[in-house]
Amino acid sequence: MRPSGRAHDQLRTISLEPHFSKHAEGSCLVRFGDTHVLCTASVDEGVPRFLKNTGLGWVTAEYGMLPRSTHSRTDREAAKGKQSGRTQEIQRLIGRALRAVTDRAAMGEKQIKIDCDVIQADGGTRTAAITGSFVALHLAFQHLMQIGALKTMPLTDHVAAVSCGIYKNTSVLDLDYAEDSTAQADANFVLTGNGGIVEVQGTAEERPFAEPQFMELLALARKGINELVALQKAAIAVK
Amino acid sequence: MRPSGRAHDQLRTISLEPHFSKHAEGSCLVRFGDTHVLCTASVDEGVPRFLKNTGLGWVTAEYGMLPRSTHSRTDREAAKGKQSGRTQEIQRLIGRALRAVTDRAAMGEKQIKIDCDVIQADGGTRTAAITGSFVALHLAFQHLMQIGALKTMPLTDHVAAVSCGIYKNTSVLDLDYAEDSTAQADANFVLTGNGGIVEVQGTAEERPFAEPQFMELLALARKGINELVALQKAAIAVK
Amino acid sequence: MRPSGRAHDQLRTISLEPHFSKHAEGSCLVRFGDTHVLCTASVDEGVPRFLKNTGLGWVTAEYGMLPRSTHSRTDREAAKGKQSGRTQEIQRLIGRALRAVTDRAAMGEKQIKIDCDVIQADGGTRTAAITGSFVALHLAFQHLMQIGALKTMPLTDHVAAVSCGIYKNTSVLDLDYAEDSTAQADANFVLTGNGGIVEVQGTAEERPFAEPQFMELLALARKGINELVALQKAAIAVK
Amino acid sequence: MRPSGRAHDQLRTISLEPHFSKHAEGSCLVRFGDTHVLCTASVDEGVPRFLKNTGLGWVTAEYGMLPRSTHSRTDREAAKGKQSGRTQEIQRLIGRALRAVTDRAAMGEKQIKIDCDVIQADGGTRTAAITGSFVALHLAFQHLMQIGALKTMPLTDHVAAVSCGIYKNTSVLDLDYAEDSTAQADANFVLTGNGGIVEVQGTAEERPFAEPQFMELLALARKGINELVALQKAAIAVK
Amino acid sequence: MRPSGRAHDQLRTISLEPHFSKHAEGSCLVRFGDTHVLCTASVDEGVPRFLKNTGLGWVTAEYGMLPRSTHSRTDREAAKGKQSGRTQEIQRLIGRALRAVTDRAAMGEKQIKIDCDVIQADGGTRTAAITGSFVALHLAFQHLMQIGALKTMPLTDHVAAVSCGIYKNTSVLDLDYAEDSTAQADANFVLTGNGGIVEVQGTAEERPFAEPQFMELLALARKGINELVALQKAAIAVK
Amino acid sequence: MRPSGRAHDQLRTISLEPHFSKHAEGSCLVRFGDTHVLCTASVDEGVPRFLKNTGLGWVTAEYGMLPRSTHSRTDREAAKGKQSGRTQEIQRLIGRALRAVTDRAAMGEKQIKIDCDVIQADGGTRTAAITGSFVALHLAFQHLMQIGALKTMPLTDHVAAVSCGIYKNTSVLDLDYAEDSTAQADANFVLTGNGGIVEVQGTAEERPFAEPQFMELLALARKGINELVALQKAAIAVK
């Protein structure tokens, strides 16, 4: 029995609220249950130095948590003067995930900066961030097409993410904080709309896990991500 | 004529949404028109070193802006590794304003940390932050009373803030970004519910201003703050 | 009765010693009683990026305290690796004050960097710094005129500053440290030679103050600043 | 055909040189072909604060590259004043991998700090570092047993790591730099001596990969890690 | 011929102004010609951690330059967020020089922090700083004796410093900036009142120098330091 | 009697292993007994800004210690976020020493970056680093000549370094850690192959030392450096 009463293969209540921000070219407030992440996509004319004159664009991401998004207050990274290793891992992951479905030649020498800011955290912030960022990125590209700065949509597929884990010896989908903090193992899966694997990160917390267990988690992730992609399609269709 | 069509002594649409955060002991999402600030109050057992064994408590504040809360994207302070001078000025101001209406002996050796995070900016973020933080602080103290950690409410009065400025030679209340960026002078006023002056910060942007003009701005601020205090009272009464 | 025996509307002994530095284009050692601040103005060909090709110049300021300028030793900011919020507030204030009387088109695309270093502190370092910096800035512009780099003096008026406060229920002018550390309220006023208000910063330390009290402080400031401007004129006239 | 002429399931020449350091309680110079990493284990009496009085020990790791370990020189992180996101990811991974085979209750309230410093890099530094660190950690625990500070060996299994990838449409074991920089996908596997999965990190570089491909990589990793564990056993047996 | 017209073995005009600071326990403004350094000595009850419960005291030094103490403005180290290698070298040198004549057992578990701040620079700031710091330190110890916190003077000898160099093929004493910037070689000597060598730092700028030249510089230094020690004695005698 | 049993004028066993690194243009692993330092020379097209268009090249050095190169573990500078004063002193010294024998006009507008990384420390790391860096630098210049990027060897002489000290009242050559940590005085000498003095740094640890003692140390250094230069010549001759 899961603390939330969910079935083992059931996502939390998901919502994707597009056009949340007045200023950003693309934005989406994503909610995986009580985990709320604001994703914005900002267009930046000009690419990092290593891409100058290559004809290729770039998509990069930054991630942050509001200090009291967490159960007890976390020190503000801007006040501490540096980003934690965890923050850097997550923002690198988000950037890689989005670039995996972006045709960087089609977007030209532009940069899209994704900001994922956790307003409230209850487990799974990185997977929510990837899922919502895709919507924000899509909307930003739509905007560039509408103003004539792009001819074609540079996205080649959808990308979404979800965590799975072994909780009380059972494989479950979309861990919330209560599950995550006591899971025996957990894995984050980033898959495309077509089911391709973009990124897999599995970690045994308590003791190593066996291959069949890992396969179970992957199967759960496929189910969840199919549902997330359907919700992304609906969100993108909103005017 | 103001860009927003408001009368010269008219606030933007204000909303104070209490209990916004699942985790914080007190919280309030404050909106001054398109300026949206999330204010949380976190209780911390234990005071800064200089207050150990004095019997006095402390209220302090931190302030931040989401990178794309602004018209064009602002670099993330956590990524730059330091907070700007502006950020530090604002968070010091918020802390002073709240302490001015707090009986620090009555709260005992506790610390309340206020976090003001700007979700969307359209001018006046610091005055919105002070106004909303008062509600978050009040709710945190209420919480401490409900759990028996405090006997009496340590707040001695309300405190709220608003900006005024000289825009196209007219004194106007509650500048939005369109006005703020071209105002000839502006001033932030922090007043108590009883009308006492807690803080005044007036700055001539373009050319010095004269005493009667300054008095006009103060009078507008009084009117606006009376309205804000009424809204604070309504917000605090929400269960 | 004031600790120093001064009348309530009496400045400390003020001295402005121009041409103090062998190297700087303009300099002034300012003394407000035991508060001693060295102000230098350094000419820098080239403006900050946001002013490139605008035809406008820039005046900016930095502020620091020698570690043992204070009653007990303060940690060196260079050793701590960052400037405090207080330092940043003060240096931003000095820069704004000087720019308010500078015709930035007349100075052309140049930058003047003001350094205010507190050699000894006894209250009122920021107001002394503004008052002395004006002299240093004036001398630097004079120097630029003498070498033919400027045709006209880009300063449109004098600017000086003084603090006032409520000490033992009496409004007093030019607080020294003994007064400042126990004042009920204090305010810093930055006024021009013509009496225009450039900046007002009033803060209630202990309890909010009322509008008539605030007016009293402003009147005291006017008197003090008239005297300071007269001393500036004398200092500038020194060859 | 691989650039090195290796078979698709062939490791590079591996060497594990124990007792490399005169000072460290445990040490191992590990070579995966031209990738050379010095791993040291330093015993620290005293655990991080969050483990005080829990009876549990801690194993943590730090990672660095000498500036000219790489093909072209990389800036020194100590000179830049911060560790890159990549460095932080890797050192977190090494620490997790080692803790997964450590009985932290059996080691008591001690800390072992692992330092992995890349002397020369040619791909796969993180997997070499994990494989060599296990030897250094084992030797440090042996040392603690010899001096009577530990009764039993707190390691519950071996742990080793290897990378696999899809290079020119073929799944290959133990990527060197020439392969890594052009691989279509790569994955790092951290497995125990008993074949349990500790960590899996798969990333599609160019386009998403399919589940059967991922299974192929895992099978290659199993083969390679069996060989690495055999070499670890030989290294640990050296006096 | 030296640019200043001095004889090859002639110091600049030296002045040592004791009791310069209102707040510090010991202080001295030292002038070597146009090089002016304010040296303060601050008493700190409590020693660095490595000296706790050893019965030994500590003397340490910090060094800084005002931004416009130099010919052209130098960036402020507090604004850059770190101290240069040069600054760190100099402050370590000053601390070692003073400790060499301090009986740290006699001073007990106290710390004296020396601050050397360059008000104006014209070459030789580190040697001026050592010479002036000795006076400040002596006065601080005198103060501690007067208030009964020390029974005996913990200084075992005088210490002073001077630079010598090879300028236009001639060995000269006490280089000023004009000489220093073009010298073929220069050396800083720190000697005691009794002529003992505390520190020698010789550096060939342009081409290596020979042993007899080095001996010439040392002889010049002895002469200069005898004169500096006599001035220190006079300064210390001032009430 | 020295702890190592060496004669007072005897170096430790020295080895200079050229071409140690696969990637660097020049490299040398230098061993002074148990002190092992890896020196690499990296060619960088492009000089620091202050040398642009002067026709002159630059040689600079960085220094670091692996955390467990020392008897007990030293915190990693990259993790602390800054280099210590000692590190900066040493790297400045290495750079100056190498530049003293480099004809910077002959090398043209190129930069060579020397990295000296201490693999294992047992006293004398800075002198070993200078001695080994010369070999690395020489090999890098040889490489530039072989590829036709330089016509002539820009080195004008050899340079090597050794420490001497007063240990138990006896002058000894090449202090190891056991001697260094208890020496009464020590000095580092940097001399050229022709016997010219490039740098002398003598420091009295316990009490000042006299001129004849200093001369004894210099004589020992000459002997040692002659031997080191002979070993450099042999190392450079290795293909």
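Going in written order, the chains are labelled A, B, C, D, E and F, and every chain counts its residues from 1.
In this section, a contact is a pair of C-beta atoms (placed from the backbone, for glycine too) under 8 Å apart; a residue touches a chain by one contact, two chains touch by 3 or more.
Being a predicted model, the structure only gives us computed values, none of them experimental.
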Query raised in the report: Through how few touching steps can chain A be joined to chain F?
Result: 2
Query - Path length in the contact graph (chain B to chain E, fewest steps) - result: 2
Report task. Chains touching chain C and chain F alike, please list them. Result -> E
Report task. Mind checking the rotation angle between the two copies, chain B and chain D? C-alpha superposition, nearest 5 degrees is fine. Result -> 120
Query - Where chain D and chain E are represented by their mean Cα positions, the distance between them in whole Å - result: 51
Query - Averaged-CA centre spacing for the pair chain F and chain E, given as whole angstrom - result: 28
Query raised in the report: In angstrom, rounded to a whole number, how far apart do the mean CA points of chain A and chain E lie?
Result: 59
Query raised in the report: Multi-chain contacts in chain A: which residues touch at least two other chains?
Result: 81-82
Requested in this report: Beginning with chain C and moving on to chain E, name the chains as they sit around the ring.
Outcome: C, E, F, D, A, B
Requested in this report: Mind listing the chain F positions that touch chain E in their complex?
Outcome: 82, 84-86, 88-89, 91-92, 96, 100, 157, 187, 191-192, 194-204, 207-211, 214, 218
Report task. Over in the complex, which chain D residues touch chain F? Could you list them? Result -> 21-24, 27, 34, 38, 40, 42, 44, 62, 64, 66-73, 76-79, 81-83, 87, 113, 115, 117, 119-120, 122
